[in-house]
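One chain, chain A, appears in both complexes that follow, with chain B as partner in the first and chain C in the second.
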Partner chain A sequence: MADFQYPALYSFPPFFTRQPNATTWSTQQSAWSALILAYCERHRLFKFSVGHELFTNTELSRRLPTPAAIEVMEAMVKQGKAEWIGPEKQEILVYWKTPRDWANAVYDWIDTTGQKGGVLTLYEIAWGQLTASTEFHGLDETVLRRALDVLVERGVAKIFGSGDELGVKFF
Partner chain B sequence: MLLPIDLTPANRPLLLPDETLLFVQNSVGLYEGKNKLPHQQNGFAYLTTHRACYVDNTEPRKYSVAIELKDVDRIEPWAGFLKSSPKIALYLHPRSAEISAPGTPARSSTPLPRNASPSPSPGVGVWICTICSMSNPIPSNYIAGYTSETQIPPCLACGIAPEASLLETSIQQQQTKAAEVTPTMESGDDIPCPVCTFHNHKDMFSCEICGAGLKPSASRASPQSRGSPHQPSSPQIGHGPGVGGYGVSGGAGGMVGASAGIPPTSQDPVIIKFSFRSGGSTSFLTHLKSAIIQRKWLLSLAPPVPAPSAPVTKTVGIGRLEHRGVRQAQTNSLVLGSAFEDLESLRAAAREVIALAESFSRLTGHQDSGVVQALGLVSKEQFAGSGTKGEEGWIDELSRQVAEFLADDSRGILKKEGGVMGLVDLWAVYNRARGVDLVSPLDLDKATKRFEALRLPVRRRVFRSGLVVVQEAGRTQEETVRRIIEVIGWDRGVTAQEMAEGLGWSLGVAGEELEMAEEVGAVCREVGVEGTRFWRNRFLEEPPVGIAGLKKGMEAVRV
Partner chain C sequence: MGNALSNTNKVTSQDRAILNLKLQRDKLHQYQRRISTVLAAETAAAKSLLSKGDKPRALLALRRRKFQENLLAQTDAQLATLEQLVSGIEFALVEKDVYFGLKQGSEVLKQINREMSLESVERLMEESQEGIRYQREVSEMLGNVMSNEMEDEVEEEMERLEREIRGEVAVGDLPEVPTEIRETEEEKARKAKERARARAKAREEERQREEEGLVAA
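Right after this comes the complex of A and B.
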């Protein structure tokens, strides 16, 4: 993986303190949110936890306190850029692309490869050899489910099966 | 008579050298003669050893005036009655009234002898109130037929305004009465009886003792000449209590007869009245009386007291130094010895004693004692009464004085503190400067609350945490923020301690100001193990970095 270009604020010590001023904090928060999204996209991360190393700047020996980190993630969830995994709020699904974007990408691929009417397992979509060249190769299973749910809602796909043996049929 | 005065930044009269403040009273109005002066109706009266000053509340720079006590001929208290406030009338020498007339040259340096400056009666007569039969003076500016009824002052006792016709008839009556009465008052014109030599009254036609017929005296022969301007005699007009007992003499007396009905002008004495609407007239009067008796203004002209001349010795070296030391010690003991004999002499020698005290304190290394002398303390005792009004006056005055103390450039109290000072610090410094008659924290607190209302050059400010400070009035939040940012710089975070050192503030003030700057978004904080540091707010100062910006940042190398 190529080196990640951290924003200038990442070397600004107050970035790792939760600012009491509301205006400053909202800017700080969106800067953090943008940083997390960019970082995850760069590293193709779909899950991001509170204890992630991104919150720690070893050069400055500063660390964003966990409550502030949770606050940042909570804000991301509210903006639809992430989703909590589990009720304990320790980890999020990061939507650097929204489920709708993924759904479009999957459906485009189905369309262009003429697989309408065919059946694919979720594993095939995410990790199959056919999708190796697509951008959604390696997509997190949960994110893929969210994307397929979008397609189901549109009425162009149907999910069946149970447990790990989930299949999807496209129309 | 009414001279404009210089004011300090805190709108108090600027005292002359050697002048000391005796008394201050709020809610005072001025009258000239019988008439209210329109712009001088609500202000402070400052009585000093040299002057009686009026400082207007609304337009202090424009309407503040003073009367020099040396121009005051007499003073007279007027008791208040019903709605009429107690007043103190200052009768000025006519000389000064003349000088105050426009276009006249500066006053002559040779003062007139006291008996040569008569104080003629203000009006041309009296009118008798139809309600309470009080004899009131007819106002000096009354012109029959011109002055409207509304301008005639009401009766001094009952406050009922007279009718214009009443005044006119009074004037006419008095003219005739003056003509009739005048001869009776003349003395030294007795008619000796040709028979028994008894000196009969000049109006008698026959001797009171022997009944022999009397020859008419020469002075009775020409009644037409009576009351003419050449008449050397002094007609005595029986006036009412308002002006009672003042002889009309000399040229002025002549004018009564010659030009009755026409208001006298330059020869008329000027009466300035201070009207005390919230009390204090008694104390003012007491202080005024003693000031006029003491005549401190003469002191500045007096030659300095010759110092006892020590024999000049021609010693040199250590011997001379020792000799000088001994002589100094002698002078000091002389000053202290005479000063502490009794309270009066202590007051008289106050200046020397203070100077001595300051020289002692310089020797012991204290720096801030210089303030004692220049302070011109106000004390609570200068305010009459313990009622609310007296209290208000005292607080206002204290407020002015504290403002002056803070803003004084020569002392630079506020400057030294970086323009902001905690109330507690102020209390300590101010009381230390006063040295005597200390101010209670409560009074100081109240006084600082009055800064804004009195439009003084300092302001009181309460921080969110409840810390109370005083600061320069011109000091704005923007200015403070600008200075904070200057100190911080771009690449550095500062602690409150460093900020306090950088701007000369106290630690508490620095912390509060930083929090204020944080609140407006100028700085942001970094809480680390070594405490809180404040940085320039790069969150807001740089364009906010969105996802797009970050993405761009990943592709293009950004500094």
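Right after this comes the complex of A and C.
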């Protein structure tokens, strides 16, 4: 896929087996976590599922078993680098940038473009022509909601509307 | 924005109206994206049908494409209308803010002018003149702590000293005492009167000057 630089560890067969030693497993988990974050950032992925091809190395014919993959993802959730989508724990929202980072990016943009006091739709923020050159263009809807929630908590934004038809007013 | 000032952190009905318009616009945007994909698909279909020699169906696909293109143009026009409306509302809000600011400014100006009516300015000038007069009286009173007699004594002493310096009071050359004293007493009374008059005159002049200065100011 594209020109993603896999770490050397990715070509190391034991990397795809859950190591029994607790310390080793912990290191292995961090390595997986870093790999997933880097991979998702490179490909601008916001959702990552247990069955993702990253867990399979076709060259080595190795695959990280699903329970181990879930453990890795669980660890990421615990560190605040991801969030489970739904209670089935099959897919995560990957925070290679935290909702707080996204919130800052959005608010900076609002501020520098003089849109304080204005009303924007969520779609407009993620897909509008005005945001085409910003880093949050194409941002996942759920991640955007999380980011806006951060701003609402800070008291600089208010989300209103009903159902899927939401808008946000910035202050 | 005045608008933001007056309803901080509140979502107004205008905001809802803008949101509804923008949501409509977003829907049109999404619709356009969908049509664009259909357009590309129809073109591909027409191409593959043509290469198979199925001309009538290729023509049909092209017709469908034309129809979709037409739709796309229509949505473009609708989008423009919507965008115009949104901009119009936003501009009207800005205008409202400007009006609000102007109104506030003119009210403040009116209030300031009310506080500075001509009569009150006149009264103020009178009052300050009175204050100055009072101040002068006070300083005169303070300046008159020395009575005329005391002033006389000071000036007498001055005369004596002057005579001494001129060497008029040499030993053995004293003038006849009785006449001297009588003369001196008469002199003294006369001189005292003169000096008192001179001082009064000087004060009067000074007051006049001050008054003139005040009027000029």
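Simple rule for what comes next: the second predicted complex is superposed on the first by the 169 of 171 C-alpha atoms of A that agree within 3 Å, B and C clash if a C-alpha of one lies under 4 Å from a C-alpha of the other, contacts with A are read in each partner's own complex, and residues count from 1 in each chain.
One rule holds for everything that comes next: a residue touches a chain if its C-beta (ideal position, glycine included) is under 8 Å from a C-beta of that chain, and two chains touch if they have at least 3 such contacts.
Remember, predicted model here, so these are calculated numbers, not experimental data.
Asker: Chain B versus chain C on the shared chain A, clash or fit?
Answerer: Result for chain B and chain C: fit.
Asker: Looking at the overlay, what does A:Arg42 touch: chain B (first), chain C (second), both, or neither?
Answerer: Touch status of A:Arg42: first partner only.
Asker: In the superposed arrangement, which partner chain does A:Arg62 touch: chain B (first), chain C (second), both, or neither?
Answerer: Touch partner of A:Arg62: chain B, not chain C.
Asker: Using the touch definition from the top, say if A:Gln5 reaches chain B (first), chain C (second), both or neither.
Answerer: First partner only.
Asker: Is A:Gly138 in contact with chain B, with chain C, with both, or with neither (first, second, both, neither)?
Answerer: In the superposition, A:Gly138 touches no partner, neither chain B nor chain C.
Asker: Would you sort A:Gly155 into first (chain B), second (chain C), both or neither based on which partner it touches?
Answerer: After superposing on A, A:Gly155 lies in contact with chain C but is clear of chain B.
Asker: Looking at the overlay, does A:Thr17 come into contact with chain B only (first), chain C only (second), both, or neither?
Answerer: first
Asker: Going by the contact rule set out at the top, does A:Ala31 touch chain B (first), chain C (second), both, or neither?
Answerer: first
Asker: Which touches a greater number of chain A residues, chain B or chain C?
Answerer: Touched residues of chain A are more numerous for B.
Asker: Would you check which partner chain A:Leu120 touches, where first means chain B only, second means chain C only, and both and neither mean what they say?
Answerer: Second partner only.
Asker: Quick check on the superposed model: minimum Cα to Cα separation from chain B to chain C, whole Å please.
Answerer: 34
Asker: Can you name the residues of chain A that touch chain C in the complex?
Answerer: 116-121, 123-124, 127, 155, 158, 160-161, 165, 167, 169, 171
Asker: Applying the document's contact rule, which stretches of chain A touch chain B when the two form their complex?
Answerer: 4-5, 7-9, 12-17, 19-21, 23-24, 27-28, 30-31, 34-35, 37-38, 42, 62
Asker: What part of chain C is in contact with chain A in the complex they form?
Answerer: The touching residues are 1, 3-4, 8-9, 11, 15-16, 18-19, 22-23, 26, 29-30, 90.
Asker: Once bound in the complex, which stretches of chain B touch chain A?
Answerer: Counting only chain B, the residues touching chain A are 493, 518-519, 521, 524-528, 533, 535, 537-540, 542, 544-547, 549-551, 553-554, 557-559.
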